[in-house]
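In order of appearance the chains are A, B and C, and numbering begins at 1 in each one.
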Amino acid sequence: MGGIYALVAVGLNLIYGTMRLLNIAHGEIIMIGAYVAYWLFTAYGVSPFLSLLISSFVTIVIGLIICKVIFLPMIRSGKSEESIQSNSLLLFFAISIILTNVVILIWTADIRGYSYLTGVVQILNVPVMLNRLNAFLVACVICIVAYIFLQKTMLGKAIRALIQDRTAAKLVGINSDRLYLVSFMMAFGIAGLTGALLSMIYELSPFMGFPYTITAFVVIVLGGLGNVLGSLIAGFIFGFVETVGISVTSPGLQSIISYGVFIGVILYRPKGIFGKGL
Amino acid sequence: MALLECQEVTKNFGGLMAVMNVSLQLEKGEIVGLIGANGAGKTTLFNLISGFYPPTNGSIRFEGDEIAGLKTHDICRKGLVRTFQIVRPFHNMTVWDNVMVGALFGVQKCKNVSRAKEEAMKVLEFTGLHEKKEIPAKGLTIADRKRLEVARSLATKPKLLLLDEVLAGLTSTETTEAMKLVRRIRDEMGLTIFMVEHVMKAVMGLSDRIVVLHNGEKIAEGNAEEVSKNPAVIEAYLGEKLHM
Amino acid sequence: MTTSRLGKYLSGLGLLGLVIFLCVIPFHSTDYIVSVLLDILTWIGLTESWIILSGFTGYISLGHSAFFGIGAYVMAISWLKLPYPLIILISAASSMALAFAIGFPVLRVRGPYFVILTLGLSEFAKYIFINYEVNVKGTVGRIMLGVPNIRTLYFSLLIIAIVTILCAYLIKRSRFGYGLFSIREDEDAAESLGIDTSIYKWLAFGISAFFPGAIGATMALRRTYIDPYSVFDPIVSFQIIVMAFFGGMGRLHGPVLGACILTLISEFLWARYPHYYLIILGVILVFIVKFMPSGILGIFELFGKAGKIVKFVRRK
């Protein structure tokens, strides 16, 4: 689970770090990814591994459209930072509702799922389902890839520069608009992929997205807003803690604890374990 | 008793000493200028005096009462108000409404809106904005916005007015107009004025006294002539021309 | 009498006429029409009360549904133990009390963080109620029997809606209102002019929570069955926002307009295509936020203000 959270957090953090926008539709993007994978598998028998790529592709395209049509013009309009942030939040909220209901229209609100890789494997005397192990491995791989990308490649470095100081980055000639688009698409792509991974393990519902958004938010604050590495690590830790926590307390409390933590985090705005504050 | 008294005021931002042991006094009816290079701590000092954040050390007294640590709105009610370096009008409200807010919540705390409107009208006439009273603030030129900012502050009926670079960005004519207004505020309304300014001709021309800050410390104080001849000041401003 | 005074008299008369009309109509129309009007009044009340906080201070809240839910629950718990108008008042007071209790820390958060915080709070409340109902009571929903008939509920809601609008109107013209607007325009500047922003925001928050409490209580009676999922539904908050933005928040009749139009649209769509309705709302919100942040009324006002500026420029 930690791997999943890490992925989700990275996606959210990319958009926040570069554009300072809070994408509360992130969970819904994941949900879309999950549904695409589901559909591909059940309708066409496509291997979920392949649908990892296809789901990502679909969500990347969605991200591209949304970014270009909706957000870039807003950023260019030169309004105050806070009003852009607030407006974008509302926009993302609207998008999340639109997406949820579109999915309901296409696939109905019933819970869906499919089985894949349900064999069990023993690791250190703990039975682990193959599909979870698989998800974990994929998540790790992606995280490592993302990390390397951000550290080593030119594009990655440019993105990190943008996160650290937007104005300075623009001054040294970084094309912020293009990078915003790239970060946006990357974030959406990762989300789609996460969704596909999730579809292998859990049941799907059109409402599955939101809890992930909340968790992602908590993770990125704990890991340091804008600090991608921080959110990676924090994601893993949080996933671990949460799983342990659930087995100890009753599952009914899970949502309460989750939102309680969320509220606490916003109210007290810590600087995170690794990075800058809100 | 001095109107405003700062004693050993210090502000430490986690290691960065923005203001260090600054002591100064303002007497009623003075126009005092505060100059210094960028980053010398002028706006920080203003923020401290007006209550945006508390000083790390030192005391700030207004009319004998300690105001360090008080909230900004309480300080305003006592009669100390400031303008902002980058003007902050209420964009979507009319000029009249902007000034009216000052009258409603300042020292006089007008209880009803129509009385506040009358008070605001007087201030508008004083500052020459009465013809533009129905225009939303976002439709004003920069010079008028500065005037609006001053008018709004005047409506709170303060005793001490802190002007933060109110002349920045004005043309030569506008600057002369603004200087006249500042003088009128002191002469006709009896206010004390503490102004941060970079426009040297204005500071020299308007101030009774000048305080010079450098790297957070006060390095000189005196009238225009004394300050411009002070070697420490000249060294801090090396390369700057001081107009007399 | 000057023309503006005449205008004011006429619109006052018109309003009175409208109110009389609304009072009379339930006796001459079908239950269906009464229920539609009831829905419209509900949304008018919810939106106008939301405006008191979010429209006036600029602190956009996605948590209004929480107060609605609390009102509904207070009613469900106290039903048949007290006369129902009293319960409505108690529900409203409880909502307001809760808002006052959490107001100070919550309102220190600004901008978009406030928005998601309120959303989080609303969901938090929902799950607390779910947990309580499931663990302590055993079942999730509550039923109320022997509720008043629809026309009685209609009049209750009419009164609530009128009081809400009246309250918003009085605030808007008062010193308190100007303080709130200043906070919306520039909170720090407002503070520097002597406005105690913390207290003002807190008051607006509490006052705005009073009315959804009353409305929630009344609607609980109408639905006769409530559960946490339906009364703490974030979609309620969503609809409020869309209606407010759509109608325009500059004037008090903006949200009324928004509520009316969108409720009517939902009437046509809800029975068969509730999801289309929500998608349309979402699209409307995107559209409005991007192109018409002042809503429909804002477009009219734009013409008015443009006219004034043109006149001024001509005079010079």
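One rule holds for everything that comes next: a contact is a pair of C-beta atoms (placed from the backbone, for glycine too) under 8 Å apart; a residue touches a chain by one contact, two chains touch by 3 or more.
Worth saying up front: this structure is predicted, and the values here are computed from it rather than measured.
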{"item": "Touch-based graph of the chains, sorted into line, ring, star, complete or other", "value": "line"}
{"item": "Innermost chain by mean C-alpha position", "value": "C"}
{"item": "Dominant chain pairing [most C-beta pairs in contact]", "value": "A-C"}
{"item": "Longest centre-to-centre distance from chain A, chain (CA-based)", "value": "B"}
{"item": "For chain A paired with chain B, centre-to-centre distance based on mean C-alpha positions, whole Å", "value": "48"}
{"item": "Intercentroid distance (Cα basis), chain C paired with chain B, Å", "value": "42"}
{"item": "Chain A and chain C, separation of their C-alpha mean positions in angstrom", "value": "33"}
{"item": "For chain B, residues that touch 2 or more chains besides their own", "value": "none"}
{"item": "Chain A-touching residues of chain C, taken from the complex the two chains share", "value": "60, 62, 105-106, 108-113, 115-117, 119-121, 123-124, 127-128, 130-131, 134-135, 235, 238, 241-242, 245, 275-276, 278-279, 281-283, 285-286, 289-290, 293"}
{"item": "Complex contacts: residues of chain B adjacent to chain C", "value": "50, 52, 71-74, 76-77, 81-82, 84, 88-93, 97, 100-102, 104-107, 109-113, 116, 132, 134-136, 139, 152-153, 156"}
{"item": "Complex contacts: residues of chain A adjacent to chain C", "value": "22, 24, 70, 73-74, 82, 85-91, 93-95, 97-98, 100-102, 104-105, 214, 217, 252-253, 255-256, 259-260, 262-263, 266-267, 269, 278"}
{"item": "Complex contact set, residues of chain C against chain B", "value": "173-175, 178-179, 181-182, 185-186, 188-197, 305, 308-309, 312"}
